[in-house]
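In structure tokens below, several structures.
In the two complexes below, chain A is the common chain; its partner is chain B in one and chain C in the other.
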Partner chain A sequence: MTSPSGPLPPVPRVAGRILDAQLHLMDRQVLDHDGVPVTTVDDLEVSGPALDVEIPPGTAPPVITALLTGAVLGTRIFGGRPPSSRLIRIPWKDVAEVEVVVRLGVSGEPLDASWVERWVRDKIIARIPGGRHDPR
Partner chain B sequence: MKRLLGVALGVLTAIGGFVDIGDLVTNAVVGSRFGLSMVWVVAVGVVGICLFANMSGRVAAASGRATFEVIRERLGARAGLANLSASFLINLMTVTAEIGGVALALQLASSVYYLLWIPVAALAVWLVIWRVRFTIMENVAGLLGLTLIVFAVALFLLKPDWGALAGQLAPSVPEQETVWTYSYYAIALFGAAMTPYEVFFFSSGAVEEGWTVKDLLQERINVLVGFPLGGLLSVAIAACAAVVLLPAGISVTSLSQVILPVAEGAGKLGLAFVLVGIVAATFGAALETTLSSGYTLAQFFGWSWGKFRRPAEAARFHVAMIVCLLIGMAVLATGVDPVQVTEYSVVFSAIALPLTYLPVLIVANDPQYMHEHVNGRVVNVLGMVYLVIILVASLAAIPLMIVTGAGS
Partner chain C sequence: MILGDLLGTPVHDPDGGWLGRVADARFVLDGPPHQLMAEPRLLGLVVSPHSVASFLGYERNGLTHPWLLARILRWRHRGSFLVLWEDIAMVGPRSVRLRPGFTRYSTALEDRRQV
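Here is the complex of A and B:
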């Protein structure tokens, strides 16, 4: 290492806001367009070359293709990886805004990520008297 | 005028809601064994809960984020899950203790065996959570809990030697006790005053009621006036025990002994009041802890939650709470003594304290969440001091539990 003879060159400018995937995306609450919680960002799906492959120069940088939820939370904590068919994806194009929370531009109701909520509602909660009663 | 009434109502609710089965039992046990020599612990605990409840309320009002969302966002999935497991289990223990407390109080009032009251109490808790509006639920339980003031009234009617009582206030270990049992009960009392569910409930409640930064003043008054007065109520419970039970050599092992001084000081009428107060306080705390178990799970996994939604719009949240109530009932059905469950739950609460309070302190300093409402310097210094106290209490709890045989 040579000691720098002058101030470091400035960081190259990037258009838009810089997000740290670990800090600003992972484990953040996901809300749908009505502000209803959908899930938490359990993991991210990133496009790009396979592991251990030489990356040729000029390759397009990887981009986030989807937010993941479901079984990935378990494998993220305890290691391993579920088969690709078991991943529940929220495509990145559905994401409208990244603030303290991640806001979707679509309704959460029909998403795959909401299937357990739908199941519990239809099979259990809605069948108990008063389950659809508005508390206000 | 309406605003003043709102403030008064909030303060009264905070006082009535402060005491739960943990405070009742631990303060009476400590009063009957150590006199008033641990009042300083209650004071330290009350300042701590004021500090952190206020902080988590401010986080909720400024960012709309409740405490357990914040915990997962800051600690990540792995540490967050470890935290959830510990907090959830301790909370479940507290739910069990509170339902047992409701049943024991109903037994004292009706002479019907408490095990028969447990399904009734659990069903009533569920019905209120299922149907009753959040603000009504909170205010009614809090206001009825105010009848516990009868402990203070009874203390005056007992006409104690005030000078001798004040003499007990200095922290000192009574002859028949050891430093270790003293420290063990000090931690239990600290855990009872600072139970983490209060922060989960307080911050989620702020989201339920849709608080914004405009409501911060009201929130601050509720906490800074209501909780210390609730703490005085705790001291009155300990003082009653110190006046009646300590000289008689009775150490508290049941709820009937907790209310014995009230019966002696304030007679039948006092007894009626204290029974209403204990049922209201434990029932209110059963609601809060049951909701807290739903809040923690839903906030960690990102489910839809809240009593402001229809149950069908927060389905997993409601199912989680039903399951918790069933587990609590099943545990009590084994015949385990609810008072003992309570004694363990406050110590385990003390062990879990740093897990809850560290992330709250971190986020309360994060401008992305808080904008201009980040912690001031004084609050941060106090927060750091408390973090050290909490950490020491947490680390010392298990060794002390082993050394003292859980305080026996």
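Here is the complex of A and C:
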């Protein structure tokens, strides 16, 4: 183990772009390919490792498989997190760009992440007189 | 697994000594290429001995303004270090154990414009 005193050595150089989960991904807004807001990144799903299992040397590192979103306001305030099954997944293969916001390369319309907005639009707003066309 | 479960988890050395908590996870975009972006693979974990989580990342970049905020946050995250995936022996629900002879790396981000 290296000594904790003194300046620490820099991380060995890697070829790809560095992303820190909390700093660059969590809580960022997610926009679809038309720039329409879809949701925010509430958490991330990674491919491993298995819990409480010794990791053999040379094991391939886990990768991010999906951005997670869902009803996390309550758990943010009171602690814990919603069950995994209640979180909505946006597969990483749909992510096109990570900057100040996370941009998707697909339309947000068919994604599960925006189902509440679609439901409110179709079931409530559409039934209000004048609710089926743009305001003039 | 869900990454949020790992953040804040205590980190121990091979002898069971307490080193800090997982403040962040660092990924690098050099995994297998997909249609749009490469897959981000886990490079390592940022361990902070004095704080449960990272906030604004002042300890990882060269920002010094606002001065007071920068000083306070740097002090709060003092002693933070990065351990590479290769140095992680086991991840459990309540602790992360490192391998014997693990190396502490600086948490500084190489490209400071990213933040």
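Just so we're on the same page, the second predicted complex is superposed on the first by the 114 of 136 C-alpha atoms of A that agree within 3 Å, B and C clash if a C-alpha of one lies under 4 Å from a C-alpha of the other, contacts with A are read in each partner's own complex, and residues count from 1 in each chain.
What we mean here is this: contacts are C-beta pairs under 8 Å (C-beta built on N, C-alpha and C of every residue); 3 or more make two chains touch, one makes a residue touch a chain.
Source: prediction; values computed, not measured.
Novice: Taking the superposition on A as described, I'd like to know which of chain B and chain C A:Ile125 touches: first, second, both or neither.
Specialist: A:Ile125: touches chain B, not chain C.
Novice: Given the superposition on chain A, which partner contacts more residues in chain A: chain B or chain C?
Specialist: Of the two chains, more chain A residues are contacted by C.
Novice: So, does A:Val30 touch the first partner chain B, the second partner chain C, both, or neither?
Specialist: Only chain B; A:Val30 stays clear of chain C.
Novice: Which partner chains sit in contact with A:Val14 here, chain B, chain C, both or neither? Use first/second/both/neither.
Specialist: second
Novice: Taking the superposition on A as described, I'd like to know which of chain B and chain C A:Arg81 touches: first, second, both or neither.
Specialist: A:Arg81: touches chain C, not chain B.
Novice: Between chain B and chain C, whom does A:Val63 touch in the aligned arrangement: first, second, both, or neither?
Specialist: The second partner, chain C, only.
Novice: Which partner does A:Lys93 contact after superposing on A: first (chain B), second (chain C), both, neither?
Specialist: In the superposed model, A:Lys93 contacts chain C only, not chain B.
Novice: Is A:Thr40 touching anything from chain B or chain C once the two structures are fitted on A? First, second, both or neither.
Specialist: Once the two structures are laid over each other on A, A:Thr40 reaches chain B alone.
Novice: Sort out for me which residues of chain C touch chain A in the complex.
Specialist: Checking each residue of chain C against chain A gives 1-5, 7, 13, 23-31, 34-44, 46, 53-54, 57, 60, 79, 81-82, 84-86, 88-93, 99-111, 114-115.
Novice: Applying the document's contact rule, which stretches of chain A touch chain C when the two form their complex?
Specialist: Residues 1-2, 4, 7-11, 13-24, 43-46, 48-49, 51-55, 57, 60-64, 68, 81, 84, 87, 92-98, 105.
Novice: Flag every residue of chain B that touches chain A in the complex, lowest number first.
Specialist: Interface residues on the chain B side: 63-65, 69, 72-73, 76-78, 80-81, 130-134, 298, 300-305, 307-313, 315-316, 318-319, 368-369.
Novice: Once bound in the complex, which stretches of chain A touch chain B?
Specialist: These residues of chain A touch chain B: 26-30, 36-40, 42, 69, 73, 76-77, 100-101, 116-117, 120-121, 124-126, 128, 130-136.
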